[in-house]
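Two complexes come next, and they have one chain in common, chain A, joined by chain B in the first and chain C in the second.
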Partner chain A sequence: MSTHWYIFKLGLQNTAAYRTNFFFGALFNLVPLVAAIAMWRAIFAGGKEVIAGYTLAEMLSYYLIATLVGMTTAVTEDEWQIATDIKDGGISQSLVRPIRYFGYRLCLFSANRLIYTAVALLPMAAIVAWNFRYILPPANLLSLVGFVCSLALSALLQFLLAYLTALLAFWVLEISTFSFMLLATQRLASGEMFPLDLLPSWLNHLLLLTPFPYCMFFPVSVYMGRVNAASLVQGLAMQGIWIVMLFGLARVIWHRGLRTYTAVGG
Partner chain B sequence: MQSSPAIEVNGLTRIFRTYKKQPGLTGALKGLFAREYEPTVAVNDINFTIEQGECVGFLGPNGAGKTTTLKMLAGLLHPSAGTATVLGFTPWERKQEYRRQFALLLGQKNQLWWDLPARESLALNGKIYRIPSADFTRRVTELTELLRVDNKLDVMVRELSLGERMKFELIAALLHRPKVLFLDEPTIGLDVVSQETVRDFLRTYNRTSETTILLTSHYMSDIEALCDRTIIINEGALFFDGQLAEIIDRFSEYRFVTVKLPPGILPRIADIPAEIMVFADSRLRLKVARANFILVCRMLLDRHPVEDLEIQDVSAEEVVREIFTRNSAPHGVLESASRPAVREPALSPSPLAVL
Partner chain C sequence: MNSRSSSSSSSVRDQLRALGQDCVHYPGLYLSLLRNSLTRELGFKANFLLWLVVEFFWFALQLAFISVIYLHTENIGDWTKWQVVMLVGASHFIQQLFQAFLLVNCGQLAELVHSGKMDFYLLFPTNTRFMVSARHIDLGGFVSAASGLAVMIYANCQLHATPSFLRILTFGALCVAAVIIHYSVMFLMATCCFWTVRAQGLIMAYYNLFSLTRVPDAAFSGAARAIFTLFIPVLLVANVPVKALLGKMDSFVEVGLLIVMSLVCFFVSSRVWRAAIRRYSSASS
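So, the complex of A and B:
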């Protein structure tokens, strides 16, 4: 444990060196949020009170909470760093020392997220201030607790998806295409671009069988109290199941990859 | 079993499949569908045993299979055939107990965190290897003082010189007192002073800590300075295993003999079984086959009022270079007389006008 804690602390220090970088990254990541807010304000200005079950306040809250979820849980640099470690032989250092690469990366990911969130909070606060009268607090205590739990699981889930994509670097020279495919799918299917209940219900139900809605749509819905107790438990269970399955898959692929790695020379 | 060898290697073989690209665009297109692979033998049936506390140098030209062998022993590569045991472990199983007891230092890859002071990377290794903190502090002080980088602990790694970085890499690798240390090109790219410091340090460390060291280098001087024993591999095969000095005895067939004659005396050497390299300023330099060495010396001394006589062996480096430049000479061929002459090391031969 103390090793992982130390890696986390080193990760914080290391990432802090890139805080300016992070700040501008975070700033420009908020551009789509501003666009979405402006768009929904215009749509609701047309006269409708409720669209697809969302009031204007709910809709804007959805995007703000979704952005918060993205800030704290999305994978940014890690995927590319892992792929580079594999390609350039950086993982050798984990293979010869008594340390596991997955745990090592997970600590760094956590540190990354913490710094990123801290840095992004500033511009985020400005947007919150701009829309202050629309922001809804968590529906109730259960929503808040459920939200925090689902947020943590969402981070783990997204890390695993990115980790799996990065492991392709054992076989392909350039993972950016796959990385982009994952990102595009995630954007659409996780509810980052719009709440998934705007979709036809059959499609929504279909998506709920994939891991993507559990990366964003689910935690946001929990926060907003749109998920009842039974669905909350079910959703958390789904997150757990996906995490276990993807972790198992990551282990298998890691060992397969190592076989290739140790075959070609680290 | 109290003194079992630290490293035992039996028939270790490594064959790589390298992708063979056809020339040109058509070739590239073909390669997309049906790749042709060509087996390359990187390490071929190598055998050796290294006792605990030995310092052994792995010598060979680029691509000889040095690093491949080292990586197999560190568990980073699976062999295609053969076995190896290090400290009783099969390296490529990568057991945690094994990883706690050895260290691998790859000259061109680093484990230090680029954007943090070296102290942090060392501390991380302290945690990873679960070194008690008092022990850790003592060890860092001791090692940084020995390598003279104790004032650099708080400098960002990226601001360190190449030599300082290598020294910290070494320290990071030694903190947990590994029983076996694999060093791949530990002095590559270092300036002469740093090379010397690292060498001195390793020599002392090996003597005092009883750590088994296996190092690769293509600098002969590293190995000459550090290792009692040298293993030469060439083209993947074990070529020589023994003391460096033996290489001269075994593989060099020539000596250089220089005699100084009084001014005005011309050498009478038409029938001497030796090759004349140079005759200038009353100095005659001959290249003599070892078998004829005594005979030639006697002839020279009998026939001339020799003022001075100097005998020079071909340097080990010269011999090894000679071995490497001749491609894949099988063991037997070396001893045969068909072997081309060893290049003359010091003076460049000038045409002889006298005889």
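So, the complex of A and C:
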């Protein structure tokens, strides 16, 4: 535990050194949120009171909470760094360290998210102030507790998806294309672009069989009280199952990858 | 007096001669860069095809988003579904043109500064900004731009519109101004690496900022509209060319605004670039 704690603190120091970069990154990350808010305000101004079960306040709250989930859980640079470690022989060092590479990267990811969230809160606060009258509090105490749990599981799930993509670097020279495809799929299928309730119900149900809605749509729905107690337990269980499955897959791929791994310049 | 006038006329002559040489020199240089890019792309065929798939995927994502939104509404402001599809197509077309000619180079500027490779570009007997901005040409961008154009043509058929030749010409000219805005803003952001050294996330920041070009301007009002029109003119980039093409424009002020803003952005990015170059100290020696 102390080793992990040490790595986490190291990650904090490393990341904090680039807080200006983070601030501007966070600022530009909020631009699509501004676009979504403007668009939905214009659509509701057309006269509709409720769209796919969402009032204007609920719709805007959805986007704001989704942005908050993204801030705290999205993987930004980790997969590039992991791929670089594999390509440049950087993982050789971690093979002889008394900590598994996965745990090492997870600690750095957690530190990265903590600093990012702290830095991004300032521009986020400005947007919250701009839409203050539309923001809804958590539906009830159960929603809040469920939200926090699902948030932590969502972070782990997203990290695993990115980690798996990065492991492709054992076999391919350039993972950018795969990473961008994952990002695009996540944007649509996780509910980042719009609440998945807006989709035809057959498609929505189909997506719920994939891990993506549990990265964002599920935590936000829990916060907004759109999920009853039974569905909350079911959703948390789904998050857990996906995490276990992807973790197992990551271990298998890691060991297979190590067989092909040659430490260039190491 | 006489000697001064003769020296000034000879300096004008020298400048004209230099300009004439540039007119011959730079297209030839650009052709060499194009040939070089083609050779590079052919060396990584699978990568080239994969990037095309990624671009199509993202474009399809934007179109899917619009389709889902319009399942639940008829209009966004005064924009109908196919008008917005045309806007998304035009936005993609313009962005991909910029991507083909310039984007990848802007993204690599930080690496040049960080590694000290910038030294070589400063020593070349050409304009440094030209070399830094135009050295790689992303040929996949042209294919993706064609997909944007195809979607625009399809949307046009759905709108049963027959734009006149003049409107198409205006659209083309405004696309050039729009590409200049893309370039100037991105180059300005990339130039900041002379101060911050690291520029990770720059490309994502650019994509996030220019995602606003796909939004109908009618969705914005007040301060947000003013900021994204007069400060960072992303709302003009695709909206104005499409409105000109569809005859959706109330006045020609917006056309003038797009052209003026493209010149202003280029001017500002040039000033910052000069200041940045003065600040540069090599990293390798």
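A few points about this structure:
By our rule, the second predicted complex is superposed on the first by the 261 of 266 C-alpha atoms of A that agree within 3 Å, B and C clash if a C-alpha of one lies under 4 Å from a C-alpha of the other, contacts with A are read in each partner's own complex, and residues count from 1 in each chain.
Note that in this section a contact is a pair of C-beta atoms (placed from the backbone, for glycine too) under 8 Å apart; a residue touches a chain by one contact, two chains touch by 3 or more.
Please read all numbers here as calculations on a predicted model, not as lab measurements.
Applying the stated contact rule after C-alpha superposition, one finds that A:W171 touches neither chain B nor chain C. A simple residue count on chain A separates chain B from chain C, and the partner touching more is C. Of the two partner chains placed by the overlay, only chain C lies in contact with A:M193; chain B stays clear of it. Applying the stated contact rule after C-alpha superposition, one finds that A:A184 touches chain C and leaves chain B untouched.
Of all residues in chain C, only 47, 50-51, 53-54, 57-58, 61, 64-65, 68-69, 71-77, 196, 198-201, 204-206, 208-209, 211-212, 214-216, 218-220, 224 touch chain A in the complex they form. If you check the complex, the residues on chain A that touch chain C are 18, 20-21, 24-25, 28-29, 31-32, 34-35, 38-39, 41-43, 46, 48, 51-52, 76-77, 173-174, 177, 180-181, 184, 187-188, 193-194, 198-200. Taken in their complex, chain A has these residues touching chain B: 2-3, 6-7, 10, 13-14, 17, 88-90, 92-93, 95-99, 259, 262-266.
Contacts from chain B toward chain A in the complex involve residues 16, 68, 71, 74-78, 92, 94, 96, 99-100, 102-104, 106, 109, 111, 113, 115-116, 120, 123-125, 127-130.
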